[in-house]
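Next, two complexes with chain A in common: one pairs it with chain B, the other with chain C.
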Partner chain A sequence: MTTQNAAGAAKPDLSARQIRRMKRFDNPWRNPKLTWGAALILGIVAMGILGRIFWNMDLVFTGSAPLKLPPLGFENLRGQPGQTDFPLGTDGAGRDLLALIVIGAPNSLFVGLLASIIGMSIGIFLGFSAGFLGGRTDDTIRILSDVMITIPPLLILVVFQAAFGDVSLTLMAILIAAFMWQSPTRLIRAQVLSMRESGYVQMARLSGASTMHIMFREMMPNLVPYLFGSFIANVTTSIVTAVGLEVLGLGPQRIPTLGRIIYEAINSGALIQNLWWWWGLPTILLAVMFIGLLLINLGLDEVSNPRLRKL
Partner chain B sequence: MTLTRRTLLASTMLLTAMGPAFAQDVAREDTVIFDLDRTIKDPENFNWFTAGTKREHGAHQAMWEPLFILNYTTGELDPWLATAITPNDDFSEWTMTLREGVEWSDGEAFNADDVVFTVNMVKGNEELSAREAAVVRTQVASVEKIDDLTVKFTLSEPNPRFPTENFGVRIFGSFLPMPEHVWSEVDNPATFAFYPPIGTGPYTYASGATNRMIWDRNDDWWGAKTGFRDLPEPQRLIWLETGGEESRAQLMATNQLDAAQNVSIGTFEAIRFQNPNVIGWFADYPYAWPDPCARQLEINTTVAPWDSAEMRQAVAAIINRNQIVNVAAEGATTASRTMFTEYGAMQPYIDAVIEAGHGVPAQPDVEAAKALIEGQGYTMGSDGFYEKDGEELSVDIHVNSASTEYTRTIDVIVEQLTRAGIKAKAVPVENGVFWGEVLPFGSYEMSYSWLACGSVNEPWTSMSRYTTASVVPVGERSPGFNNTARWDGPEAEAYTAIVDRMGDMAGDDPALPGMVAEAYGHLAEGVPFIPLVQSAKLLPMNTTYWTGWPTAENAYNHPAFWWGHTHQIIHNLEKAE
Partner chain C sequence: MGRIPSSYLGNRIVTLFLTIFIAATLIWIIPRLSPVDPAEIALGRMAAGAGTVGNSEDILAQLRAQLGIDQPWFVQYAKYLWGIVQFDFGLSTANFPTPVSALIANALPWTLGLMLISITITFFIGNLLGALMVWDHSPKLVKVAIPAAMVLTSIPPILSALLLMWIFSAKLRLFPLTGAYGLTVEPGWTWDFVQSVLYHGFLPALSIVVVTFGFWALGMRGLMIGVQGEDYTTLAKAKGLRPRYILYKYMIRNAILPQITAFALKIGMLIAGQVLVERIFAYNGMGKLLYDAILDQDFPVIQGVSFVIILMTAFSVFLVDLIYPLIDPRIRHGR
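Let's turn to the complex of A and B:
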């Protein structure tokens, strides 16, 4: 059985739904996983922006609210009900959970993005240099990244952060970035090596284009979906590392981050006091963040690799 | 899920700790498990004269015994290894009588030789730096054996408080005589590890690791043979590092711990919710025992801009104690009015200070503080912080990260200072670093401490800790943690002169309150530290296996089971029916 489409051309056995999906893949960027993932991440960003406009941000400071109030509609162990002034409850130091999350969640995302951008930039530069220039440069960069990749980052970072004491978000991102460039370097080097011999690169070389031009104007655009995928994976790793440090109490002190909220909850006996909102809400947000990033990553994989697209 | 995992983790931890216990068949109901709030860095070193965790893991609660024990309820010294100590007319010579029949756990007799030897050893070695050793070194001019059970101390200055200050476990520990037959063989007592250790107590060392210390009962204990006390009921004592409020609460709720370190009131209520056998000092709110070490903000008076008394006064005026009470202590304590602990016996002195107008104000006065800061040439910058010559007015406050009480109090203070225009920042440091490096060497600007601690029934001890005699340069160790603020200058000298005169007077001298008030006037001007709040320790005790814990109703002594008086607690414990 065959069906006629509008143009009158014969198509193999396809339902209307499958055709719709086919069409959608005409533009590989309109991928449902990508869309959902981006929506979740943008949701967190939007929460950060809207929260700052509509909510009182002074409530993130110690002692600005009553202690240990539950979210609206719940009661804590002492039988106090939630209050509308603090709809998501308060923590053991008198901070409003909503305000903490509004500031903390984008902060955690920010650290991940910044660390990843710095790490990727270093990785792209080193990867292209190693792959394209070859020789001594390649040897040096390859050995350096191979050595660095064997060092467990959390171990080093714990020592660093403990020595620095109170760090800012940016400093923390930079420290994490120092451990985020090795895998992009290796991956990009491999891609560049295979691409170096392709026709258009040879062509550019023959026409006398400079090394920089070939590397970043000719080759890089072809790697964009691939770089994006690697970037998002790096953001996830950076956030995991950052939260790991924060949960150990090693992040910034007075700036709320999701990891620090969890650290303080655990440290103050929130589990046994059944203050679930204190550690539960940041955990949920972290989960949302990771699912969002994972979906984006899967989506980008399908964009860069058409074979993964299912009808 | 997290909850189950933590419980599992905690039980595994305990099982590991109890491994040998099962091996030697001491049942849980014959064992008392105490909480230890720190890691034992060197579990095979029992040289308590040097820094480190070498006493509070059971050594001075179970193995070594003090000469006397200060009874916090009666204010008297309960005799222990010694039976009496009497002064001469001007308090410059003290004669101590030792108990007959006391033996070290290796069978050697304990007598005057041990006491004389230990005092002389401490006098001859400055490296024996423990506070108790340092105090004996400065106070005792010479020591002499009269006979096997009598020792005479000749002091460098008359001191009516000599026994309480040195031999009575007034705060945390006391001077512990060591066995002469072991220590006299040692070349350098400062590096001697004293392992395996021996003592006169009813328990001997069984095993130790960085997270626990196990002590087994010595059924041949001298006290039972001489009729001094019955053998204590517990066959085994364990001090176990629990690591934080959450895990100590879980262990307490599941009967895997018998006495826990301080918890917040919310956690205590939650433990009781799960385990009604858990009790505190008071049967009802606020449950907590008033600890004699009131909290304070220590200020290093040598570091600019805090070397100016006006700047220190400004900080004092900014601090809102009631907020600290409400947020950090959840309402379970009260604001300090002076440097002193609010015990009944201290009331005349507290009243004298307040009548003279030198007490800390009940309410903050941020406007006055701002005037003081601006008087020092600071102007408010556009970002809400004061600045002078392009430099922001900032302060780092060091805080021991071992307890949420400490860190949260400093969080509150950081918040208050920040709002007043001082860019404050908390610097949490690990317990060992805090006491070993930060405080004694003055490497801080401000820090959270309780170093005015000491007086419980007379004013001199606390006040004497801030005299100019203890001032050393930053980078050198403050003797016995005294005057780590390094407060010096005319105000401090005037203060010291009065406190020195007080030192020679008997504790009940009617002139004392007036002198306290006068000296306190200088202290309030100089502000080497800012009194914050009274300390309340909420120590959960578990009656599932053991009863007879100290409480307000059964106040044979106080419940701080990391202090050397814990012998009394252990002797009072009875198996629960």
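Let's turn to the complex of A and C:
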């Protein structure tokens, strides 16, 4: 990939605003999308940390609060106003929603990150092996990843979790990771195949560098933007899969997760009873999480591919 | 029209069958790794119904023989594979004498119908909007509004389904909350029934369309940027062809092809997402069947639904892969 300057020489008449933007793009990492995306994700992490310090976490237990209280400034169908003790309202089992989402939101992120890290590691390993070793290894890995990429993880995991019942958060992440290695594998394999013939790799090989050195010191740095993009996309897919399982009533049963809160809300008829905060808050948080991840991904795209940057 | 080389065709067919085989095997192995004994679950269900169960050892042995789990594993596996080839997944345990395949046959048309409609709509809207984002002559509003709407792409359809359901069904009461058709209409090819189906299907389809069109728009935008710089586009402009004509005949027609392959990669996610939307709307499709089966611990149904959905995905990918070289003669398949 050639790195071109974003400001092509083809457009000489630039406005002051465009010149300002060009200056900002001198450092591609100072990308507004990337910054905003990271801010949203860090905000959720910060909420998880600060919430645990400043808020009473015992309120996640059933019956620790009155049932179905609305957030502050609202009234529920029975005419009860929101209370300052439970600023975001409570659910149908008497749990404080603020405490629930403080614990639940980082859990969802954790599953996404862990599954994606494991999947990525497997993908890097297999992708490099396939692209570098070639031959039968390559065929096996290629066919396997072609096969696995068409199987939706949700359906296999539904079978698994329905058979095993309660699973821990970590186990769920590991299970999801078993379906997250295909796209990095394919991506890296394709890149390695094209890079293998490029001048600098030939050069390194001629100067007697070891295979490991070529893989990790020569090729890897060029792959970093792709890997990051693929990593973030996998985090999103993992979280979507985890939430899907949770909304079907599977996944961890005793730990609050955003998907499970939504599951309980739907099952208790929260939509009809107008208990919007119960399902709405986890929904909004998940949406914020996904939007943050998307922005990071778009930002990374622009960092690695200058042609996408707009003036 | 291109021709499909036989090596490519053979490759795709091997992949297709391998996919189906691996999925079927996974679905078979996983429950057997679990410490839970299906015969004991069945016994527990009996005990819950009858209060107490005498001579439980005999009943357990009988149940094991009935479920076929007293035989060696390879016999069970062979029987299972043979059954799957014939779309026989055994009997549902929750609706006891009903075969799983009958339940699936009832649910499948709903899922397929909803999927076909929503995917067609998103494909058109998404690609058109993506093209307009790049086109020089599109209204300013389009260029500002679409990137903003793009944020929606990241949201999975369950979340949009919840929001739309709350706004349009619970709050405004414009659309029904659940079901695929009204309780008062008789299923059949009558105008009332069709109307009712469309009315009930609108929100589920909308919640999928809203969050998926951006995917196509984004892809289309990237492709259109490439096409915009091509010589033939410049030539068309220089010839003084109408901009609209250039957009449709020169730019979109060339840019849209790779979108179809993107489709193959996306379809698994789409189907899985739709299953969840169906669960939220209690739409009479595979999603609801799956959810009810999970609630009832109805294992044959869970297996059957998962398998059929994976089968659908694998076949769609296969078809897209086959159609692609036919519509884009520039593509040559050779390894």
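Simple rule for what comes next: the second predicted complex is superposed on the first by the 300 of 311 C-alpha atoms of A that agree within 3 Å, B and C clash if a C-alpha of one lies under 4 Å from a C-alpha of the other, contacts with A are read in each partner's own complex, and residues count from 1 in each chain.
Here, contacts are C-beta pairs under 8 Å (C-beta built on N, C-alpha and C of every residue); 3 or more make two chains touch, one makes a residue touch a chain.
Everything numeric in this text was worked out from a predicted model, so none of it was measured.
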Clash or fit, chain B versus chain C on superposed chain A: clash
Contacts of A:Phe160 with chain B and chain C, given as first, second, both or neither: second
Chain B versus chain C as contact partner of A:Val45, first or second or both or neither: neither
Partner chain in contact with A:Asp146 - chain B first, chain C second, else both or neither: second
Contacts of A:Ile291 with chain B and chain C, given as first, second, both or neither: second
Partner chain in contact with A:Val247 - chain B first, chain C second, else both or neither: second
Contacts of A:Arg78 with chain B and chain C, given as first, second, both or neither: first
Touching partner for A:Gly94 - first (chain B), second (chain C), both, neither: first
Most chain A residues touched (candidates chain B, chain C): C
Touching partner for A:Val224 - first (chain B), second (chain C), both, neither: neither
First, second, both or neither for A:Met57, with chain B first and chain C second: neither
Part of chain B, among the options 153-161, 477-485 or 567-575, whose backbone runs into chain C after overlay: 477-485
Those residues of chain A which chain B touches in one complex and chain C touches in the other: 165, 249, 266, 271-272, 274, 279
Chain B partner contacts - residues on chain A that touch it in the complex: 61-63, 67-68, 77-78, 92-94, 165-166, 249, 253-254, 266-275, 279
Complex interface listing, chain A residues touching chain C: 143, 146-156, 158-160, 162-165, 236-237, 240-241, 243-244, 247-250, 262, 266, 271-272, 274, 276, 279-280, 283, 286-287, 290-291, 293-294, 307-308
Of chain C, residues touching chain A in the complex: 14-15, 18-19, 22-23, 26-27, 30-31, 33-34, 36, 151, 153-156, 158-159, 162-163, 165-166, 169-170, 177, 222, 225, 265, 268-269, 271-273, 275-276, 279-280, 290-291, 293-295, 297, 299, 302-303, 305-306, 309-310, 313-314, 317
In the complex, chain B residues that touch chain A: 2-3, 6, 244-246, 249-250, 253, 263-264, 266-267, 269-271, 273-274, 323, 326-327, 330, 401, 404, 408, 411-412, 414-415, 425-428
